[in-house]
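My questions all concern the structure below.
Labels run A, B and C following the written order; every chain starts at residue 1.
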């Protein structure tokens, strides 16, 4: 068993009529890419792993004005191997001006004995839009997880939006009620873009409010984005919670107010489907989750882009003062 | 200057800077039954130190380093004197470091609590250890910098090193929650202090790791760096880029449970602690 | 930071800002009722802000909001981490921040009332936080309380004895309370009231008005550095 190094690349370009064309689709086994729609690519794992010592890199380059959706056919099972070094998966993605990227692979499962490093570097242009979901499962059913360290760096026009590390399988964090509690998996979805920018004239001592559900929260970031974070006892529950959070986040975040909104205060989403391993390759309506990619279809949404004002209707009670304070400098 | 004595003052829970009213998620964890006794509390504190503790320690070390540089730039300036170029130059850097703290704090409830604590600490420290760096920081982030950013700047003004600043941040990341648990659960205070004593080696390790992360200077894999010359017309853009690069790779260890606890805490109408 | 003067009241620079009035006293003596009464009496003539400190933090603020005597946005609640006396005496940073937040948002203000959480007879306000302070007792604690003294009773600028309507029922002798209070208070005023009967606590309100006027004469009109707020006065309700 020898360590594998692979470099795969997806690159779009703008075609005539505002369409997106896949300019490059370079597979490098075990990272195999298949085009499954006009703007959709599936990662198809060929071969087991990654295993310790493997180094896999995926580059994603979404050209200005284009859009791309990246999914995977199945979960990634990270396995132990003979090498002393951890397996490494690096995803570098650039999303150009006015471009849109939807990235939602199936979960990464950290099998017992593995040592895995996941590095995501996501660079967004000022008005790029992204939906990025990551799910990590702590071992196969009934086993203790291997060790994992995921690092997620997101910048918008070079400014930091989100920098996070997640450590799994370390003594200090395992079973800590401060970190994962008794959850068996953790996930997050970043939804970012100009429609999620904070108000131009914020109340400096108050933040936008989160939407909180059972085991999940949609957290408005300091910059133009919302992160849904969720914990779950299994991958199905995790996905369901993330979906609920994603739906809450698709509505622009509640304005500053006395407290977070409980999820019961927002319309309950339709019962989520169980994670579908491979959606059919049609060009028909966006698959579940992508709805969050577009700004909410409310009357104010169109102007929201320009004015950075928030879409109306999501205002919580008792915050009229903060609202009016934002209308003008 | 030997900052040992200043470090004691800075990390003392009696420092009048509002820290006593923050439980760091413990109040909500107690309310939800996730922390019920010393066993849970020990795991809570260890996990908190490994995540939020490490991140705040690294940010505090970075801020201490920046404030010390600011002090050198502003050497000879009387505190309160009109800022010279050196101090004015510090404003965008402090904003950037504060933005790095924002990027590591996804939960708005936690950002708000961190800014409240930072604002109160800065208010207190500007009277205790007045300095040009603290004035610059207050001007750069008028709504209140993140607590670890304020803590690092204050530590530098008090004569502490980045490692001492990191240690103070790591220490306060667990002592506040521990004290809150004593009050909320009626735990034996000695038992809880035993937990803290057991964490002492980990506190030292955290401070060392935090400082080491400053020197990691991991090339950010081509991460684009903003180049906004208008922020500092004609002034050492290279120096700014070097600082920014130094902060990119700082740890961002997140604790999803703490995020959920912080947001849940805000909805509790009967809360006794700010966070 | 211009806070290095040797004034007896060593609060933040007093020039051109609101008078900060602390109201303290034991649990149940009627602090919140007094705050509501003062808002009722003074709201039409003074620009007010209120900071509450309570172990059950938002309860007092909610009481005041329900009472409808002041725009709810002008009430800020401070959490004290189970230590109400710490927040008004040993570590006043959070309360100062709340006072200044009100002044930033609604300033200029004439009077900011800081209500302490219910505590014991030893709890007093730091002079760094309150320019003047009122200590509230009630008769049902027994007529010996003033004699016992304690920093709250002896040092407050005004001692208010509330619930005088209950005196006959609890066997409290108001004459004894008055005499004892005068003895330990070195001539500082004592007022007896029943806020249940006098919804505006008018005698106390008059004292506060005199304090605000004196403060203004000494330190000038509160600055108008913020946009004038149209909804200045307490809403009619």
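Things to note:
Note that a contact is a pair of C-beta atoms (placed from the backbone, for glycine too) under 8 Å apart; a residue touches a chain by one contact, two chains touch by 3 or more.
Note that the coordinates shown come from a computational prediction; the quantities given were computed from them, not determined experimentally.
Centrality by C-alpha centroid: the chain sitting nearest the overall protein C-alpha mean is B.
Averaging Cα atoms per chain gives one point for each, and the point farthest from that of chain C is the centre of A. Work out the mean CA point of chain A and of chain C, and you get 51 Å between them. Centres computed as Cα averages put chain A at a distance of 27 Å from chain B. In whole angstrom, the spacing between the mean C-alpha positions of chain B and chain C is 34. Contacts with at least two other chains are made by no residue of chain C. With touch defined as above, residues shared between interfaces to two or more other chains in chain A number as follows: 205.
Contact with two or more other chains is made by residues 116 of chain B. Across the complex, chain B is touched by residues 1, 3, 55-59, 62, 78-83, 86-87, 90-94, 96-97 of chain C.
Considering their complex, residues 90, 92, 119, 121, 123, 151-155, 157-167, 170, 172-173, 175-181, 183, 186, 188, 204-210, 212, 215-217, 219-223, 227, 229-231, 258-260, 262 of chain A touch chain B.
Remark: chain B residues 25, 29, 34-35, 40, 43-52, 99-100, 102-109, 111-112, 115-116, 142-144, 202, 220-227, 248, 250-261, 263-264, 266-267 touch chain A in the complex. If you check the complex, the residues on chain B that touch chain C are 14-23, 80, 116, 119-121, 123-124, 126-127, 130, 180, 183-184, 269-274.
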